[in-house]
Amino acid sequence: TAKQSNDMDLLRQIQEKGELVIATEGTWAPWTYHNQDDQLVGFDVELGKLIADKLGVEAVFVEAEWDSLFAGLDAGRYDLVINGVEITDERKEKYDFTEPYAYIKTAIIVENSNDSIHSFEDLEGKQTANTLASTYATLAESYGANPTGVDDLSQTMELVLSGRVDATLNAEVSYYDYIKEHPNASIKIAALTTDASFVSIPLRKNENTESLMNEINKIIMELKESGELSELSNQYFGVDLVNQ
Amino acid sequence: MNERLIEILIDSFWKIVVPGLTMTIPLTIISFSIAILLALFIAMMQMTNNKILNQIARFYVWIIRGTPLLVQLYVIFYGLPNLGILIDPFPAAVIVFALNTGAYDSETIRAAIEAIPKGQLEAGYCVGMTTPQIMIRIVLPQALRIAFPSLSNSLISLVKDTSLASNITILEMLMATQRIIARTYEPFALYCEVGLIYLIICTVLTKLQHKLESTFKLEY
Amino acid sequence: MNERLIEILIDSFWKIVVPGLTMTIPLTIISFSIAILLALFIAMMQMTNNKILNQIARFYVWIIRGTPLLVQLYVIFYGLPNLGILIDPFPAAVIVFALNTGAYDSETIRAAIEAIPKGQLEAGYCVGMTTPQIMIRIVLPQALRIAFPSLSNSLISLVKDTSLASNITILEMLMATQRIIARTYEPFALYCEVGLIYLIICTVLTKLQHKLESTFKLEY
Amino acid sequence: MLKIKNLRKTFGNNTILKSIDLDVNKKDVVMIIGPSGSGKTTLLRCINLLAHADSGILNFDDEVYELDKVTKKDSLKIRKRTGFVFQSFNLFRNKTALQNVTEGLIVARKMSKEKANEIGKESLDKVGLSQRYDYYPHELSGGQQQRVAIARAIATKPELILFDEPTSALDPELTHEVLSVIQDLAAEGMTMIIVTHEMEFAKKIGTKIVFMDQGEIIEANDVTTFFNHPKENRTKQFLQSINQNKTV
Amino acid sequence: MLKIKNLRKTFGNNTILKSIDLDVNKKDVVMIIGPSGSGKTTLLRCINLLAHADSGILNFDDEVYELDKVTKKDSLKIRKRTGFVFQSFNLFRNKTALQNVTEGLIVARKMSKEKANEIGKESLDKVGLSQRYDYYPHELSGGQQQRVAIARAIATKPELILFDEPTSALDPELTHEVLSVIQDLAAEGMTMIIVTHEMEFAKKIGTKIVFMDQGEIIEANDVTTFFNHPKENRTKQFLQSINQNKTV
């Protein structure tokens, strides 16, 4: 864990320690998860390593529950959270966000035989489920659905499959990942958002993080331009989520 | 604390309290009531001379205490549908919490019964009472008084354990909190807020415990 | 069950057991040992005539029982750094679990002490023993026997509650399981597997409980 | 009405009662005397099945029980017909004096609460406790507790009452009172077995004396024969020690 | 050595002891007699501070204690110098007979275990329990428990022993034995206060008789005067009832 005093530039602290402490869930494939050899991998993890590399320091990953990531960030235990965090206006009030490094579309996933949902408007009065740590509940509610939450993605899929809910909202890429593991699962995408939301790295809002923010922004731009990031995306998602 | 945070906390107060009133508290009360009855029953079963009843009770306590509540919720909610049994979230939660708390409480009650001197039971026999009659009128009133603080422990734990019901789509206080955190990214402050609300509920229970404890004080 | 699933379950077995052996079990044992000492201490404090000690003990039990374990973990791990106190995950977990279990257990022990007839204490006074001496040699040996099943409850609960340590970056069994679920999307099977591993640990504890219970059987 | 044959009782390796035979007729007042630890309490406990004898046969009226094979039903049956006053009283700790007496009436004998209270108060009055109806056991003195125990046993009007040292905690005045209560019961035809250390008491209301030592019945006889013409040496020795106590 | 002045004790609204005055000299054997519920046990409990008197002054040798303001330290001091035999024995349930006796020696008097065992066995032998060292209380008969309680109190060789009906559960033979133990203690100069219902016993070893009724000391006198020339009517009545018991 990082031990740091609040009155010193974060970038300088990181460079002095020689390590960048990155917090991530480690339980959200393909963003951040453990492969069969139990190594922490994923799109976010690779990005973190690249950033640390470019800063000339070592990447140290810390894994915790989703909400603990932010508690630890606030407490100064971690330098960064890289965990597929979507930018919203409300969140911007809390954190400064770097350049987006990916975009995602939200999908409505339903049981194969479900014929009643073809668009977000069809969610009106329907029962939906989503993971707690997400913005999906707000989204579903805005279309008049009745959202309940559970802890993880697999639970939401179970709920759809057992018919306990009509649909689940989730990242399109998560659906594909699930299908990869369960090719025979009787689910399908019923609709996709037209506007993508952007994924970025949140930083604590204070002047100490400014130089780090600039540095990371530079690095993300570089990675985008060089195509490295797209390559990573293809590797993990099978599609390029970097350039819309 | 900045203004934004204060606003969030105020705004979220009712969003957390409402599921507390409509879900956490009813779920706790219903489950606990069933659990206590179950626990009495199981404690009795463990103490009879009937080997089969004995084994059944021991098996139940062993399985339930031995596995995490979360897994029990999974089995009932996500496992049973495979056998064609689809139970709604609320009854499923009641079943699991009652079964779970009942197993723990049965051990507490058994211990308390064993703490009552045998002479009490024997005196009951000698005035012609049957074992169940003695249990209900003589032994249990004394035993429950001894078990009381431990049973309060289990009730107060249950209040907070019901938060696991979020795993089976029940919107209780912790889930309500986590929803707000997902939006605002203020886990620490919001967890402290929900902690405070739990504290209020548990304060009522603790006061009640102390009140009942002194009302039913037994001296010997 | 299909082959893929079986493979996943076999493959994950050690991935779950190892953190169980290196984290869940040590964390439980260390925290529980401290908790019992703390509980004895607090129970005594609650029973002295010293009003101040009384209030302190009551306050401690009230706050700890009243708030969720999760919130306590948050306060120690994510809250204290704001005051410049940065505790590593493992010691932080030990502190929280010991404080938490200690509060509950102190109530159990207090109840058990109150179940011992006053004559035992008085007889101790009459042979010139001091209150602490009587407690240690006469009252507690009897009280702990009564409290034993409830204390086992709390130990067995603790085994499973340590899974909350994943919130403060500690890799224990449940977190290990969730990692595998994140990759394989097989929550039901994997939760059943981890449930079984918990069951094995708790079986050992239950057996130990029954063994000790019959060894220290008290009759009167 | 009660016949015991060859009753044996062991605790671990210790044989506490060795082949006890005892005959009790209707209206008998059998006094069991004997040194501390000789097995008197254990014998009473075996009779109403609180203790499990290792072997032996019990005739209660015309029903025959093998003591090593009694069922719960047998126990309940025998206990409904007997009363028991424990040496250590064993009052229900969560019940008042009056409730201690009425409990058996209301629950086991299905009596109405009013009727039970009436009888309960009557019984407590008999033993001089009219001032203590609503006291809990821990608020009563030793002698008061003992009297509640006596009241509890006689209230149910059983056919046979087993008293285990019923006057041990009582002063001479009260002993006198309790004695007259027991005498009244005897007059009403109640059968009783009484363990006691008070020889005056034994002489006064006993119809039969049983002297026990080390788990055996050394001598059993009617009162006058027993005290005036003891047969066994052990008995003589015991009786002698009593007289010794008396000489100041 | 012990002087009590104006001791008062209430439970709720009931005054259990009303202005008790009592003088005990060194080597006195004070016998307290009186009906059940008269406050004898409560008086003993007030003397060694197990019960809190509402008011009163206690002189123990030259130390003066105000009974409504005693500290823990005072209690410990007084209790280290006194022994107590409870009416209900109160044996330590988790200790064997021998351990019951040695506990106070080892813990409170810091005696070595060997020495304590030696004394413990000696004390148990004195009361005829050499066969029961390793029995737990629940394995002992009533009389055996009472004797353990006596052994426990005398083992510490205190300056003052308070006995609450020490022979209530004992047969005449044993009463005789315990009596001689107490006589030996008296001979050794031990001061004792003994609550008893056995008048023979009181006559035999008492140096002083205190007769209590309804929380008051009705009459206190030396043995012969008390029994032969009682002053108060209440006393006469009480003594009469004793003689009544004797006539068969």
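Labels for the chains are A, B, C, D and E, by order of writing; each one numbers its residues from 1.
Definition applied: a residue touches a chain if its C-beta (ideal position, glycine included) is under 8 Å from a C-beta of that chain, and two chains touch if they have at least 3 such contacts.
These numbers were taken from a predicted model, which means no experiment stands behind them.
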Chain labels contacting chain C and also chain D: B, E
Greatest separation from chain B - chain, by CA centre: E
Identity of the chain that, by mean CA position, is farthest from chain D: A
Mean-CA-position distance for chain B and chain A (Å): 36
Geometric centre distance via CA averages, chain D-chain B, whole Å: 47
Gap in Å, rounded to a whole number, between the CA centres of chain E and chain A: 81
Where chain E touches two or more other chains at once, by residue number: 88
Contacts with two or more other chains, residues of chain C listed in rising order: 74, 78-79, 117, 187-188, 219-220
Multi-partner residues of chain A (each touching 2 or more other chains): 67-68, 71, 74-75, 155, 158
Every chain pair in contact, whichever chains are involved: A-B, A-C, B-C, B-D, C-E, D-E
Parts of chain C lying in touch with chain E, wherever the complex brings them together: 117, 119-120, 122-131, 133, 137-138, 141-142, 218-220
Chain A - residues contacting chain B, complex: 67-68, 70-71, 74-75, 88, 90-91, 93-95, 129, 132-135, 137-138, 148-151, 155, 158-159, 162-165, 202
Touching residues (chain side chain E, partner chain C) in the complex: 48, 50, 72, 75-76, 79-80, 82-84, 86, 88, 90-95, 103-104, 107-109, 136-138, 152-153, 156
In the complex with chain A, residue positions of chain B that touch it: 4, 78, 81, 86, 89, 166-171, 175, 178-179, 181-188, 191
Residues of chain E defined as touching chain D within the complex: 11, 33-37, 40-42, 87-88, 128, 132, 139-144, 147, 164-165, 168-176, 179, 197, 199-201, 203-204, 238, 241-242, 244-246, 248
